[in-house]
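Note that the chains are named A, B, C, D and E in the order they appear, and that numbering of residues resets to 1 at the start of each chain.
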Amino acid sequence: GTSEEDNTNGESETAPAENESAENETAELTEIVVGATSIPHAEVLEEAKPLLEAEGISLVIEQYQDYILPNEDLANETLDANYFQHIPYLESQKADFGYDFVNLGGIHVEPMGVYSKNIASMDDIPEGTEVIISRSVPDHGRILALFESQGLITLAEGVDKASATIEDIVENPLNLTFSPDVDAAVLPEVYEREEDALVAINTNYAIEAGLSPLDDSLFVEGADSPYVNVIAVRAADEDSEALNKLVEVLQSEEIQTFITETYNGEVVPVGGSN
Amino acid sequence: MEQPTDGNITIDGQEITDLNQKELRLSRQEIGMIFQHFNLLWSRTVRDNISLPLEIAGVPRVERLERVEELIKLVGLSGREDAYPSELSGGQKQRVGIARALANNPKVLLCDEATSALDPETTDSILKLLIDINKELGLTIILITHEMHVIRKICHRVAVMENGRVVEQGDVLDVFLHPKQQVTKKFVEQVMGDKEQDDAYEFLTTSYTTGKNIRLHFIGETTNQALISRVAKEFDVEINILQGKITQTQKGAYGTLVVNIDGENNELARAIEFIKSTSVEVEVAPNA
Amino acid sequence: MLNELFPNVKIADLWEATGETFYMTLIALTGTFVLGILLGLLLYLTSKGGLWQSKSLNLSVATVVNVFRAIPFIILILLLFPFTDFLVGTIRGPNAALPALIIGSAPFYGRLVEIGLREVDKGVIEAAKSMGAKTRTIIFKVLLPESMPALVSGITVTAIALIGYTAVAGVIGAGGLGDFAYYYGFQRRAFDVVFVCTVLIVIIVFIFQFIGDFITNKLDKR
Amino acid sequence: MEQPTDGNITIDGQEITDLNQKELRLSRQEIGMIFQHFNLLWSRTVRDNISLPLEIAGVPRVERLERVEELIKLVGLSGREDAYPSELSGGQKQRVGIARALANNPKVLLCDEATSALDPETTDSILKLLIDINKELGLTIILITHEMHVIRKICHRVAVMENGRVVEQGDVLDVFLHPKQQVTKKFVEQVMGDKEQDDAYEFLTTSYTTGKNIRLHFIGETTNQALISRVAKEFDVEINILQGKITQTQKGAYGTLVVNIDGENNELARAIEFIKSTSVEVEVAPNA
Amino acid sequence: MLNELFPNVKIADLWEATGETFYMTLIALTGTFVLGILLGLLLYLTSKGGLWQSKSLNLSVATVVNVFRAIPFIILILLLFPFTDFLVGTIRGPNAALPALIIGSAPFYGRLVEIGLREVDKGVIEAAKSMGAKTRTIIFKVLLPESMPALVSGITVTAIALIGYTAVAGVIGAGGLGDFAYYYGFQRRAFDVVFVCTVLIVIIVFIFQFIGDFITNKLDKR
């Protein structure tokens, strides 16, 4: 659903949003601004909106289409929290840019899956098969880790799996070629056409393209994946009542059920696991 | 060169209007055209410009080069073969235009205001070239122009057009001396005497009040007769030339003089009577 | 019926995206018009035989114009982050897209303005000079009015390029139809949205073209 | 209107070349200029075009409108105030140009080839307007032109320029009748007799072998003398007018006639002697 | 020293990206040249008074040209996926970018071609007709040679737009400097990479501009 995103992408949404939060204190509603990518994050947040309202919190959702700006905006206080990234990414961002963020709690996992039109099972992967992955650098480590967990490759000893690169592959018995070419959004199209290749598709794009991570993939991350999507906040806000309430609501029974039902298990809730 | 709505065109016994597209294209190669603004391709040298119609007609390369060489000599452009049109003077450009028009040995050379963009001296040299071509190659030249002196200088026959119709035609001298239509008269004024003179004529007829102001039209051979001196000798009148113009053409001289004849009334009448009896045409100013 | 044909198209969203496209295009166009005319005038006046003839000034303006024309728009957005942040106070949203949009299209438009100014009859400028006009007077009473049809038809061409740029500006959350088509249409495989957005963009371009042509014809008394 | 490299310009006692930028601009408002190609703003109506120099001079709106109305009447454009230049004929455009040039009540009206782009009739009407303005407003008109008949018709004094220098100047008739420089002679040929006639003159001198071919230059008042008829009466010779042109100017008539005088040798010599004694200038063809 | 100033810049990668940019631009430019001339000729010949005068044909070509000019390039890439797949056999990489690049810039270039053809002296065409030339002959011996300087300077302008497009074509893994700047420079906050890529792009544009101007001047014998 995109119809409720009225307050995003407006002409000057960010500045007034902050002003409003000041005004609204008198109206006994605390406003929090949370940045999120569209599916499932924004949809999950939408679902949580009425629940939070009941708790006296007004939720403003800011939609993002990239993985750089939500953190930047969190750092410059445009946002109070963001909900788009998994733990390894958060950690690498903190390390790279010195963000003083904390993980307030995990909400769900979107398991990365590997798909192929012509290759029916893992045992049928021919030697020299091309593996097409997103060119989004933060995804590379995750995909490589997934391949390693399936025993297809081995990564160098001591490499941080989250930020591993193709050059870190030390063993590659099937001689797989990893091609980090295209925009993640284009991967389903590539899957349709490059029939002999393995394509690693982020779950949100797979779902949107009508693929089922459970049924259509060769292999997929398990629920034990370290790539839990979390609510990240500035360290200073770690004890903020409203933000903790947000995590609480998102981890509640009601939202967890919503996630399971809406996404047919393709998005896996991780209630309170953090 | 457009589809005519009406009428027909016949060249050398062939009905052009009946031809189909392809025949029409081929028949066009029998007409060479020269244009006021030369219409040369700036991207081609003199040689290549002249070569164009031969390329279009599918003449083989070797033959083409030979023919071009010939034409360049004919129009006197030797040494300028590799110049681009922008490096040529107006007259030289028109020579290229003529050479190009002649390339396919046309039967007719159609010149559309071929000299109207040139200065008088260059015009003369181009006209001379056209006369030479007319004599040497024996092809028909059709000149479209509004410059009467061009017609006077090189044409044999003339047709005057108005609103897309021929309103008058015939021998050049005939038409010039006895223009019938209003258009023709206006055109002929250009060479025969101009409006300025008419203005002055009015002025003369008001300031010379004694005697009679008459206008004499000299036509062809009659200018040879020493009319004025004869009248002066034979009649007791004084003849004063007020203004006018006498010119020579290929077929003799013609022109107009406005003179004032003064003398005793009887003698005056006799003198005018005498002039009228010659082949000189007389017009007597009404108010004199 | 519309819902059946285009099940994913939500009129309200489309409407908003269309509004954003118009908003960005119109504001950026205004900025481009002013900045482009300034650049074009500078190029024209400092050129050989111009009123402010100056080889060095002309060369520097021309270099700036050429460099900014050369930088791909997507890179320009990135390079302008500090500037945008300073000017707009944010690097996200339609307003943050404006500096990049204006700076990206003004050099191109500036060239069109220069070409338009070159077509102003030299004689008319000479006439104005012979009347004792100051350079400012010549600019405002002669150069600009006499080249106005060219300036308007130039801004129409620029508008089309600008609409293309707004789609790229999606990376900084500028919104608009192009972005909407990519993120809500393509990423969610809602191809009906892509289609409808494309049609809307084409219509908007045609509207700009039509208005531009109309004004040009209206102004042109030649 | 450029920075001159050399020389000085004085108008009404003021040294233009010494002025600074601002003074120069102001002084320009004392010179009205008219251009060959009119140089009107196509984007402004007739009214607004005439208004432009007033706007530049900073005349207040109401006054401006009044003055424009006045000027429109002066140049005879009433009813066309709201037309755009593209809707006007060449003559009307030049009237707008004249009105515009007069707007700031200049002391001098500078016309740069003001009529060269116009057809003869329109030229006449514009020249008439200039004469009227000259008489009514009493301002000096400087005409730059290569059309000699324009000078003949309306000018009092003439200066001939070549390579940026004045090579000859003086009273129009003086310069026209006794051109000294080669340029001047070539120009004067335009009105006094043209190259065509010279060509023909050669031809005449070869075909008329009996008697003498002489060229008579009539200068000013002398055309009043009935020269030819007097010679015919007083001497036993026959005079045949071969060709020539006689024209009237504001200061009298002038022109050239080529005549053939035939008769007994002695008588011939006496006749020519007599002609030479008049104010008519005589030139005897060398080969006759 | 270079390494100190630009610690993140790897010469080999840059070299490859530059190669990709050249490859895509040159091939796309060739395609655009051919397709654009075809479109321009069609527009010109079918227009009023043209050799193939046809109101309906002219209108349809003009509509196609305008629609394709109007579609933002990023959307065009998406819309062309099936076509690209059919033609190139893949929707990834520099080759897959070519159809979109050509189809995206040919309509723009087609308009420039049309303008160039309009400037060919009518009299010269009349002269060729009077020599009995076929339409084909007129096109190849008169129209194209006489408008060549305009065609070349038009392709130079188009090349600049094309280089901008290649940056956008990064979404399908086309590579090139623009994409390199965005993904390896911007995403990793390696602003030295962004800077070096931008400078390289500007240099490439200047090279194209220089070559274009040189050829135009060489060809122009007017």
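We take it that contacts are C-beta pairs under 8 Å (C-beta built on N, C-alpha and C of every residue); 3 or more make two chains touch, one makes a residue touch a chain.
By chain, with names taken from UniProt: C, E = ABC transporter permease subunit.
What you see is a predicted model; the values in this text were computed from it and never measured.
*Asks:* Any chance you could name the chains that touch chain C and chain D both?
*Replies:* none
*Asks:* Based only on mean CA positions, could you tell me how far chain B sits from chain C in angstrom?
*Replies:* Roughly 58 Å separates the two chain centres.
*Asks:* With centres defined as the mean C-alpha position, give me the chain C-chain E separation in Å.
*Replies:* Averaging C-alpha atoms per chain gives centres 20 Å apart.
*Asks:* Please tell me the distance, in whole Å, between the geometric centres of chain A and chain B computed from their C-alpha atoms.
*Replies:* Their C-alpha centroids are separated by 90 Å.
*Asks:* Two or more other chains in contact with one residue: find those residues in chain C.
*Replies:* Within chain C, the residues that touch at least two other chains are 170, 182, 186.
*Asks:* For chain A, jot down the residues that touch at least 2 other chains.
*Replies:* 185
*Asks:* Got a list of which chains touch which?
*Replies:* Result for touching pairs of chains: A-C, A-E, B-D, B-E, C-D, C-E.
*Asks:* Help me check something: in the complex, which residues belonging to chain A touch chain E?
*Replies:* 68, 96-97, 132, 135-137, 179, 181-183, 185-186, 189-190, 193-194
*Asks:* Quick check on the complex: what are the chain C residues that touch chain A?
*Replies:* 10, 12-13, 16, 20, 23, 89-95, 170-175, 179, 182-184, 186-189
*Asks:* In the complex, go through chain D and note every residue touching chain C.
*Replies:* Residue positions touching the partner: 1, 24-29, 31, 33, 35, 37-44, 52-53, 55-57, 84-86, 100, 104.
*Asks:* Under the definition above, what is the set of chain D residues touching chain B in their complex?
*Replies:* Interface residues on chain D, with respect to chain B: 120-121, 149, 195-197, 200, 203-204, 223-233, 237-248, 253, 255, 257, 260, 262.
*Asks:* Would you tell me which residues of chain C are touching chain D in their complex?
*Replies:* So the residues of chain C touching chain D come out as 121, 123-124, 126-134, 137, 141-142, 145-146, 148, 219, 221-222.
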